[in-house]
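Okay, so chain A shows up in both of these, paired with chain B first and chain C after.
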Partner chain A sequence: MHIPDAFIPLPQAAIYWIIALIFVALALRWARNELSEEKIPLIAVLAAGIFAIQAFNLPVGMGTSGHLVGGALAAIVLGSPFAAVFILTIVLIIQGVVFGDGGITTMGANIINMGVIGGFVGYYSYHGIKSAIKNKFIPAAIAAWLGCFIAAVVCAIEMFIAGTFPLVPGIIAMGTYHAAIGIIEGVITAGAIYLIYSTRPDLIELDKGDA
Partner chain B sequence: MIEELQNIERQAMGNSRVHRLDARTKIILAFAAIIAMVAYPYSKDVIVPGMLLFAFFSVLWAFSGLSVLAYLKRLILILPFGIFIIIFQIFFENSRYDTFTSILDLPLGIHVYAESVEFASILLIKFIVCISFIILLSSTTTMQDMLAGAKRLGMPSEFVLIIGLMIRYLFVFAEMYGKVINVFEVKFFNAFDTNLPYKYRLRTLAYAIGTLFIRSYEQGERTYISMLCRGYSRDSFLRIEKKKIQGKELGFLIFGIIFIVAGVTVPYLIFDLGLIPSVSMQF
Partner chain C sequence: MTDAKNTNGAKMNDATFIAIGLVIALIIGVAAVFLASGDPDGLESASLYVQGEKDLTSDAPEDADPEAVGLGTFEYSSPFPDYSWEDLGKMGDIIALVLGIVIVFVLIFGVSRIIKIKA
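Coming up: the complex of A and B.
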């Protein structure tokens, strides 16, 4: 899902950057309000944790593999979609600048896909589904799946607009592949949240009121 | 990825002229080269600025004292990120072309088009030049130096603070991740082993990731207490000494920017003005 440099023309990449910067600015505002001195190391560790989590290759099937995005996980655990934008921006900066995974000019589009869409879809769908079915873990799985799948479809649309991949094959390829990865992301997100909730319920912001 | 991080950091700790350059110089030059390459139209002429920028990269890489093999190893690791999309280009009618010439007809009505092969080549050239500059930047600049450079270039303090701490934890995680993998190996667990039930494999991975997550949190708490004991304060951590780029380094930076801008602009103007018969496509 990381779009590399040169796969989106510069004018379009600039537009994605501008949109992403608006969300990054809002995420910064969230960080300034929410990041107490005590929380700062924890957020940093979370960012490193999501970076490490993305290093796990998950079997998708037919010999292919993928990795977690972590946007929904960050948003659910920290109780804000802006937390996902903040953390995914940091992870994408390190991945793009150090590893060449994703690009510099395309980082705006990647932040939108994984941070904004992953975080917002993950957070609000979790919140909505949880209030409907009164369960903490199934909504987390569905929210993570939605965050992954919708972000992948948007990524395919961006590539189509860029003229670097046709729309229908792009949506079919990205949609199918990430629908499968999304199931794994959903199961793993729910499993990870279950484990955190069982051992350290104090860490999950969103559920403090429920506990 | 985490193992690669340690290798990259080892390379970045060299002492060549390129390693000693201010991080800001390398960041600005790398980003300028990438933006310039991306800004160039999707034209066959891209080979000219591509070669000029790659030559600039090659000179810097040679002065860095790092081996060609080291570059190739990193290139091979990064290539899969884009090569999949590039290869698939050849099977589609790219919207940037009006007519298509099939050069290979495959079963199931699949064709390989000359125009699409051309577009895939253009993408490949741009992609390789861009990632080469990223490889140069990260292989000659430690993450801490890059962060200090980014802060001096105006990166918000919140990002600098969190990234600075994150970098420290990444190496702790590298160790933790290695331990998790060792445990998997000792217990003969392989996530790709189809003989194991799929549900079991996913549950094991979920628990491993959850454990990593919790351990990271608890590591953060321990570190925070240690930092408090050592007089940690948010403001003192953010203090990064002001430093001007001057003298020869400033001259090199200006030369580099002029070279990059000219390396892209001059070929564009020459081909666009028709001083040399243009072979570029019009979009």
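Coming up: the complex of A and C.
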């Protein structure tokens, strides 16, 4: 879902950057106030893992491949959507600047789609679904799927505003492919949460925000 | 760093957790070099679809360019495009990915520490 430079005209790319920077500032404030010293190893390892797995494209049929984005995973594990913004911002900076994956001008839009939308949709739908079905892992899979799918539809709308994709075919294609890619997002998110929960339940905040 | 052995329910201390986590990340990264799918990703595939280069469910043609719909407003040349180190083949890809994994780990660790120290 990494938008390359060519896909968004500069004035629009600048607006996405401004919105993204507001969330990045809030994420830094979250890290300063909420991220405890004990969780620094977890957030660093999680970010390294998310970077690695983003290079691992899996085929989803339809001539298309996809990979975990990790916004929902970061937000659920660290107990805040801003954790997703924090991790994905750094991952996207390295991917764009060092590896040419995702544009520089479009990095703001990519931070919004994958960090902000992936993180916020993932985090709040996780806690919503978990209060309905009493399970720690299935809601994580559903929330991660939703984060991927909604981010893809928003991306299609951004592509329409940019004049790059037509509206309806863009939404159909982005929605269809990411409905499939979202299954990867869901399975890996639930699996990773299970792994962390089995080894370091003290580090994970699955129950934060529950009534 | 705290000794997590005595905290609630931890089955692994911090150093072990970091080591195992990083090893998993490195295994995934190296495996990706050999096993990752070369098919276009969701956005590229959608781009080919709206260009009429492929049907919704068909394979993408080999020579299709997902960025052909682009505006060409800005060009940036990254040092390791497509997670590869020119002329070094698969070994270059592995070096590039391992480098990326280490940079991300160090950056997140460093930024978090600096933010906490300043707080």
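Heads up, the rule we're going with is that the second predicted complex is superposed on the first by the 196 of 211 C-alpha atoms of A that agree within 3 Å, B and C clash if a C-alpha of one lies under 4 Å from a C-alpha of the other, contacts with A are read in each partner's own complex, and residues count from 1 in each chain.
Rule of thumb we're sticking to: a contact is a pair of C-beta atoms (placed from the backbone, for glycine too) under 8 Å apart; a residue touches a chain by one contact, two chains touch by 3 or more.
As the structure is a prediction and not an experimental result, all values here were calculated from the model.
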Side-by-side fit of chain B and chain C on chain A, or clash: clash
Using the superposition on chain A described above, determine whether A:Phe137 touches chain B (first), chain C (second), both, or neither. neither
Thinking of the overlay built on chain A, is A:Ala152 touched by chain B (first), by chain C (second), by both, or by neither? second
So, A:Met1: does it touch chain B (first), chain C (second), both, or neither? second
Which superposed partner A:Asn33 touches (first chain B, second chain C, both, neither): second
Report for A:Tyr124: first if it touches chain B alone, second if chain C alone, otherwise both or neither. neither
For A:Ile188, using the defined touch cut-off, is the partner it touches chain B, chain C, both, or neither? Pick first, second, both or neither. first
With chain C in view, single out which of the stretches 1-9, 109-117 or 199-207 of chain B clashes with it after superposition. 1-9
Chain B/chain C common contact set on chain A: 2, 4-7, 9-10, 28, 31-32, 35, 37-38, 40-49, 51-53, 55-59, 65, 86, 90, 94, 96-101, 103-105, 159, 163-166, 169, 199-200, 203
In the complex, chain A residues that touch chain C: 1-10, 28, 31-33, 35, 37-38, 40-53, 55-59, 61-67, 86-87, 90-91, 94-101, 103-105, 152, 155-156, 159, 162-166, 169-170, 172-174, 176-178, 181, 198-203
Complex contacts: residues of chain A adjacent to chain B: 2, 4-7, 9-10, 13, 28, 31-32, 35, 37-38, 40-49, 51-59, 65, 68, 86, 89-90, 93-94, 96-105, 159, 163-166, 169, 184, 187-188, 190-196, 199-200, 203
Provide the residue numbers of chain C that touch chain A in the complex, in ascending order. 1-2, 4, 7-12, 14, 17-18, 20-22, 24-26, 28-29, 31-33, 35-43, 45-47, 49-50, 54, 56-60, 67, 69-83, 96-97, 99-109, 111-113, 115-116, 118-119
In the complex, the residues of chain B that touch chain A are 1-2, 4-5, 8, 31, 34-35, 37-39, 42, 74, 78, 81-82, 85, 88-89, 92-96, 123, 126-127, 130-131, 134-135, 137-138, 143, 146, 156, 158-159, 161-170, 172-173, 176-177, 191-192, 201-203, 205-214, 216-217, 219-221, 223-224, 227, 233-234
